[in-house]
């Protein structure tokens, strides 16, 4: 039987610092100059540039928020997330672990983004959208690593095809959205579906390529 | 030709601390009060709540284990993992990088979970299961970000559909399991398959939706 | 209205250290003995074993490079990456966040690897390859967690089926490559495709299983 060492004495505990308005900050968090953080917000071991975080938020461990990021009141950004510059997270959102938000992306209120989801620039999301674990938005129809001249492609070498996700739509686990399409209001994209064209409001689509299976209640006759 | 700077003098090396029973702990690891760790276990730069780790284990860099997590003897949890409260990892398991184990999940002995795999609560796994990279378990048949009243959904707003994975089953890379299904013993789910219904013991399934291709040796006549 | 606390005084800023040749190193980075780093390279909060990094490189936050890793001039390895021992990254490559490069893998020049991509050993990649977000290479045809004797499988218990990706090929978001196949030069694998057999040079393939849709310009008559 193995002999366990017990760490009862509080080995290497690091205490949080509390600021006015009950803002608690992990001692290893790095916060940029000129940042502003609302009351009752909890900042774990994260790296923050110059940011504006609302009240009642949580920013998790090992997460990075770059310059000029805005996070609305009541939103939670969990662990291992990377929120790039100039992006804007609405109110009461929940971002799971390992979420990547590209530069300049705007996320509507009450959005729920599950683990391992990247949201690339050119993706527009209305309010109340659900992005299941590992679901994928894309923005480049013909992706290549290098140009015809053999140089690595820079952002100016390719064209963004914008994707639009309407309010209260739900994208299932592992589903992939091709660039340049629109997902209608309340549409339900099945787990693992590969969506290659526009999806009407309220449609339930499944398969590769995705096809309409039925409509959700309230959208039957549309 | 660029001139390289050589860091031969041991720049910024951090030495491990060794405790009785040859428990080695990274100097930046944080371990909660009342934790217990078995002999010959290695804790890298991780964040541990109040946990019970067996002997001959490894906990990697940038991994987090929340309160009341138990890890059996001989198990390795590599880097960037997040093991949530009250979950239980069996003996001799290997969890790769970026693995997410939800609250209360029980993982059987000799389980191998590859990179980027989330295991959500409601998923029951017997012993010897293999989860390929990016394979997905799910637990919500009709996921939505917010309720009919427009509020962000809390856990009480939706119903977990349990998934059961029987012993020695193997889920291929990027495969997706819809909620509420059972995967039989020794079944083999092909890479990229989208599994929408129960899979019998020993069946090999591929495609979207997944269909039975054949049976593995020993299960042909079942 | 919530009262925000302002962190204008430069709360917890950590300054970089600059070495000869304009090598800048984050104060929390750990660099192994005997490492060599080229001029104008930026090392953020990363953990490096004994490595050789070229000039004009960037190594991101929370990334790990194990012993004997080589990174060519001009390459960027962003955040949360894990580059395992004895692997070699070419020149002018871009590796996004959460990228996993297995032991001994060789990545050609001007390769672009997007977020959440694992490249396993046994995968051979020529120059100018594009791997879309969440695309998957695999190397084990019949993955199992444990042997017939009930022990966890070690590397010696299974056979690597090598995958070959030819120059300037592009693998779409969420696509999965079965083990043991060859992707031809300039081939384009559609988003979400599951590739089960060899793909000729210049072919565009989509679906599960992937089928040839057309050929890219210059490869029509091949």
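Which chain is which? They are A, B and C, in the order written, and residues in each are numbered from 1.
The working rule: contacts are C-beta pairs under 8 Å (C-beta built on N, C-alpha and C of every residue); 3 or more make two chains touch, one makes a residue touch a chain.
In this text, all values refer to a predicted model and were calculated from it rather than measured experimentally.
Using the contact threshold fixed earlier, the set of chains in contact with both subunit B and subunit C is A.
Taken over every residue number at the interface, the positions common to subunit A and subunit B amount to under half, indicating a different-residue contact. In whole angstrom, the spacing between the mean C-alpha positions of subunit A and subunit B is 21.
Residues of subunit B found to touch two or more other chains are 62, 80, 98, 116, 134, 174, 194, 208.
Across the complex, subunit A meets subunit C through its residues 19-21, 23, 25, 29-40, 47, 52, 54-56, 62, 64, 73, 80, 82, 98, 100, 116, 118, 120, 134, 136, 138, 142-146, 150-153, 174, 176, 178, 194, 208-209. Contact residues on subunit B toward subunit C in their complex (touch as defined above): 2-14, 45, 61-62, 79-80, 92-94, 97-98, 110-112, 114-116, 128-130, 132-134, 168, 170, 172-174, 188, 190-192, 194, 206-208.
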